[in-house]
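If you scroll down you'll find the structure; I have some questions about it.
Per-chain numbering from 1; labels A, B, C and D assigned in written order.
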Amino acid sequence: MSTTQNHHNHATATLLIDCPDRKGLVAGIANFLYSHNANILHADQHQDASLNLFLMRVEWDLEGFDLNDEQFREAFAPIAGQFNMRWRVQYSAAKTQVAIFVSKYDHCLVDLLYRYRSGEFNCEIPLVVSNHPDAREIVEFYGIPFHVIPVTAETKQTAEQQQIDLLQAHNVDLVVLARYMQVLSPTFVSAYAGKVINVHHSFLPAFIGAKPYHRAYDRGVKLIGATSHYVTEVLDEGPIIEQDVIRVSHRDSLEDFIATGRDLEKTVLSRAVRWHCDHRILVYGNKTAIFVS
Amino acid sequence: MSTTQNHHNHATATLLIDCPDRKGLVAGIANFLYSHNANILHADQHQDASLNLFLMRVEWDLEGFDLNDEQFREAFAPIAGQFNMRWRVQYSAAKTQVAIFVSKYDHCLVDLLYRYRSGEFNCEIPLVVSNHPDAREIVEFYGIPFHVIPVTAETKQTAEQQQIDLLQAHNVDLVVLARYMQVLSPTFVSAYAGKVINVHHSFLPAFIGAKPYHRAYDRGVKLIGATSHYVTEVLDEGPIIEQDVIRVSHRDSLEDFIATGRDLEKTVLSRAVRWHCDHRILVYGNKTAIFVS
Amino acid sequence: MSTTQNHHNHATATLLIDCPDRKGLVAGIANFLYSHNANILHADQHQDASLNLFLMRVEWDLEGFDLNDEQFREAFAPIAGQFNMRWRVQYSAAKTQVAIFVSKYDHCLVDLLYRYRSGEFNCEIPLVVSNHPDAREIVEFYGIPFHVIPVTAETKQTAEQQQIDLLQAHNVDLVVLARYMQVLSPTFVSAYAGKVINVHHSFLPAFIGAKPYHRAYDRGVKLIGATSHYVTEVLDEGPIIEQDVIRVSHRDSLEDFIATGRDLEKTVLSRAVRWHCDHRILVYGNKTAIFVS
Amino acid sequence: MSTTQNHHNHATATLLIDCPDRKGLVAGIANFLYSHNANILHADQHQDASLNLFLMRVEWDLEGFDLNDEQFREAFAPIAGQFNMRWRVQYSAAKTQVAIFVSKYDHCLVDLLYRYRSGEFNCEIPLVVSNHPDAREIVEFYGIPFHVIPVTAETKQTAEQQQIDLLQAHNVDLVVLARYMQVLSPTFVSAYAGKVINVHHSFLPAFIGAKPYHRAYDRGVKLIGATSHYVTEVLDEGPIIEQDVIRVSHRDSLEDFIATGRDLEKTVLSRAVRWHCDHRILVYGNKTAIFVS
C-alpha cells in the first residue's frame, strides 16, 4: 500500500476541497492556480457519484506563487462561494502542532516519537500528556515536555480543563490518543472536533468497546486488526482513517494476540498521523478520503 | 499462508483427537501407531493451556499398517477411553461426499467446480442443489447432477425434507453453502451439525446478517473481508474456519466492494472445503484448530 | 487494494496523457473539456518529479459532450502539440478486442472466461488460441471460437503468421498470454508492442525464466509471487502491471507452491486485463502508472 | 501470520532435532520424555518427504522433569545415536546472549531495543557494537554498553578481531546485523556459523547486493520487501528466516520506498530474533523450518 511520504524541500501549499459536483469545477480551480503562477506538484480528485460530491486535494510549490496565505484566502473566496465549497488551505510553514496523550501502554508513543525524530511527520510535538508518570523518561529523552494529569471519575472535569488549557497554550491542532485509556467527554470532543485521532485495537466495527483482543480470542477469529479513526461523541464510531490486520491461528494465545496486535496499532496510528499532518485526509459524512499521491 | 495441498499417492489414514491434556498422551498414541507398523507422514499437535486441552492430527501411510478401518476402531478404543478422547479416524479410501447448495450468485460454485475437477479437493461431489434453475448449465458441464428445489416461506419445511432425502440418498458428509441465500432451519442444522460450511461476505463478527457490503460501504471501512464457518443455530456465529480481507478506499463504489469481495469469498470458502476434506479441521468449543501440515 | 470496477452505464470517453510537466497543463486540459461540455467522472494525475513527467487519466460522460471520437482527435491536437503530449483517447463504444493464448494449464483461462461472462471486463473476446486442443470444451462452453495452432521449433514462424492473421482478422487490440508456454518472436512482439500481457509465476525480478516455483522452493523463500507485465523483447523484463504474493512455509511442498501460486496468477492477470481494458494503464519508460480511480 | 510469543512463566527445556525419517522416531522420543516425567507444552514436527528428513521441536515444563541439562545430554545421547540425529537442547535458564551490530541507520536497532525492554525477546543483550558513534545515546538510554569500533578497508581485520574478542568476552550466541553496513569476512562468518542474522532490504533473491530500493524503483515493481536470513559466506544467499512485502505504486518516490521499507525491515528482523531466541528455527540445507507453535 502506498504510504507516500513526501519530504518537502520547498515551501508548498495544500488545498482541500469538497463541494457538490458540477461541470467547470476543475477548470475553475486550475485556472485560478495557473493565473497566480502555481506549479502544481500533486493533484488528486474524486467524484462520489452516490453523493454527487466532488473532493479534491492539490499541492503546489510556493516558489513563484504570487499569493501569501492571507491573500489566498481572500482571492479564493469568490470561487469557493460560487461552487459552494467547504475548503481549507495550508501553507507548509505553518506546521501542525500535535499533542500525544498516553496512559501506561507506551508502544504507540515510542513509535510515534521515533518517527517524529526521524522526520516522518510534517509536524511539531510541543507536549505529551499522560494520566500516569510512567512514560516520562522516554518522552524527555526525545526532548519533549511531559505533563502528568491524573484522571479519576471525580477529577475528570477538572483534568480535562487542565488538558484543554495546555492544548490552547501550545496552539495544538491535533490530539493523538496513543492508547490513552480515558474516554474523552463530549465537551472535549466537540471542542476538538475532527482534531482527535484514536487507535482502537480491532478492525472496527468488530469488537467496539472494551477488551477487543479478549473478545477476538474468545470468538476464534483468524485475523486480528487495528483501526485509527477520528474521535466523535459515539465511542469507536468516528470516521475510519486506516485499518490493518494480521493472521492469527489456534496456536496463538491471548498474550500472542495482544503482542502481535501492538505492531498493527503502531502501523495504523502512525499512518493516520502522517496523513493528517500532510493534509491528505478529507472527512465527508462519516467517511474519510485519503489522498495519498 | 500455508494452504498445504497434499496429493495422496498412497492410501493413508488420518486420526483427529482432542482430550484433556495429560502426560504420556503422545507416547501412548505414538506407541500404538508404531506397534502396528505405521509410517507417520504428518503429525501436528497443539496444547491449549487455557483450556487444558490436547489436540492432535496424525496421518500415516497405510502401506504395511496392519489394521483396517474397523480393526483400528476396535484396537484404539481402549487408549481413547483411558485418555478420555473425542476422536475420529478416516481412511482415505472413504472420500468425503460433498453437496453444494447455491442460489443465483454462482462465483463460489464455479470456483469450487473448477478446483474439484483440477483435483484440489479430496472429495466427491455427487450433486448440486439450488432453489433456482440458473446454474444448471455450468454444473452439468462438469458432469454433476443438478437438482432444483424451490424454497418459499410456505414450502420451506417440505423443501428441506426433499434436500435431506437427497443428501441421505447420496451419503453426503458435507454441505457447502456457496452463497446459498436461504437460512437453514434448526432441524436441518442439527441433523448436519459440524457438516455444513457457509461463506459470509464480511470479516465476522463485523456485519453479521444481511447486506454486509452495503453496511461496510456505509461505515467507510478500509478493508472488506469474507469468512467461512461451520453453520450453527445462531446465524453467523458458528466456528470460524478461515477469513481474509482486501484493502478498499474511498474510490471504491459499493459495486466495487461487491465485485472485489467475490474473490475473497471464493478464497475462504475453497480453503475451508479443502481443509475439511483433508480432515485438517478440529472444532473445539466455538473455535477451530486448522492443522495445515 | 483498490481494484475499482466501474460499470459504465453511460457512454464515456477516456483520455490518457503523458508529457513534460509544465505550468498550465491542467488548466489547459480542463478548459478544453469544459468548453466542450464534458461532465468529468474521474480524473487522476501524477507528477513524476524525478523525470519531470506529467501523467493523467481523465474520464467523462459523453452525454452532452459535443465532440465525437474523430472530432475530438482533431480538436485536441493543437493542445497536445503545444504541450508535447503522447496521448490517446478511447470512446467506450469501441470495446477492446481481446485474444487469449493458452497452452495446457487452464486455470488462468477459466478464470478470465468466467470474469468475462460476469461482465468484469470492459472488452470483447472474439477468440482463444492454443497450441494444444485441451481447452476446447470450456472455451466453447462460453461460446467463444477456439483455434488450435500447434507450434514446434520448425513451424514457429508459420504458426505465428497464422496467429497474426487471426488477430488481424478480428481486429485484436490485446493479446493475453494465460500461461501460454511459447516464447513469442521479436517480430510478433514488435507487431503488438504494448498490446501483449503475460503472467509470470514469480515476483519479478526474482526467478526470471524457467521453473520459478522449483527455484523458489529450492531457495527456501517464505513468500511466493506472481507478476503480470507487458511483453517486450527481453524475457520477463517488460513493464510490470501487477504483483502479488502469498506466504508459504517449510511445510509446503513444491506441489503446494504450484497449487497455491495458481491463485496468485489468476489474480494478477485478471487485474491487468481489467485495468488495460478500462484504459487505466499508462506505460512510461519501463514502468506503468495504474490509475485506479 | 502466527508470531507466537510465549511468555515462559516456568522453566522449560526445548529440544530441536533433525534426522533421517524412520518409523518409531516419535515413539522413541515421546517415550524418553515420558519416562523422565516431562510435561510437554508444545510439540511440532515435520517430515520433508523429498529429503526423507524428520524435523522436530518439542518444549516441556521442567517442573517434575528428572534430568538437568547435563544429565539430559548424557541420557539422550544413545537415542540420538540410534536415529542418527543432529540435535540440541536448551534449558530456559540459559538465555541467548545477543550482540547487535549497527551503523548509521538506527530504525532496526531502536525497534529491537524497545522490544527487548518490553520482554518480547527471550534473551539478554550485553552489548551493541557500531562502526559509528551515532547510536550511543539511545543505546545507553536502554542501559546497554555501546562499543564503537571503526572499520576501514585497512583496519578491517583488526576491527573484526576486536569485535570477536568482545563477543567472546560476553559469551555471545547470536549476532544481529541491524542494518550494519560492513560485509563480514569469511573468517568471522565461519567463526559464528548459524549465529549471525542479517536483514536485507529486498524480497530475496530479488535485488541481491547493493542499493536494492534504488533498483526496485528503477524496475517499477509493485511490491517492495525485506528479508531476514542467516549469514553465510555468499552474500545474501544464506537460509531465509522471514520475508514480508508491502504494496507500492507509481505515486511512491524512491524516498517513499526507503521510508516504507524501514517498517518491513523492522518486522522481519524482529521476528527472526524472537524465533531464534525461542529456539524455533531449524536450519537444514539452505532452508529454515520455523516452528511457531
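Note that in this section a residue touches a chain if its C-beta (ideal position, glycine included) is under 8 Å from a C-beta of that chain, and two chains touch if they have at least 3 such contacts.
Values in this document were obtained by computation on a predicted structure and should not be read as measured data.
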Same-residue or different-residue interface between chain A and chain D, half as cut-off: same
More contacts between chains, A-B or B-C: A-B
Rounded Å distance between chain B and chain C, as computed from the means of their C-alpha atoms: 36
Inter-chain centre distance, chain A versus chain B - centres from mean C-alpha coordinates, in Å: 41
Touching two or more other chains - residue numbers and ranges from chain B: 1, 46, 49, 247, 249, 251, 253, 293
Touch list for chain A against partner chain B, complex: 1, 46, 48-50, 55, 203-207, 219-223, 225, 239-245, 247, 249-251, 253-254, 285-290
Residue ranges of chain A in contact with chain C within the complex: 1, 23-24, 26-27, 30-31, 33-34, 37-47, 49, 293
Complex contacts: residues of chain D adjacent to chain A: 1-7, 107, 110, 114, 118, 120, 137-138, 141, 246-249, 251-253, 255-256, 259-260, 263, 267, 292-293
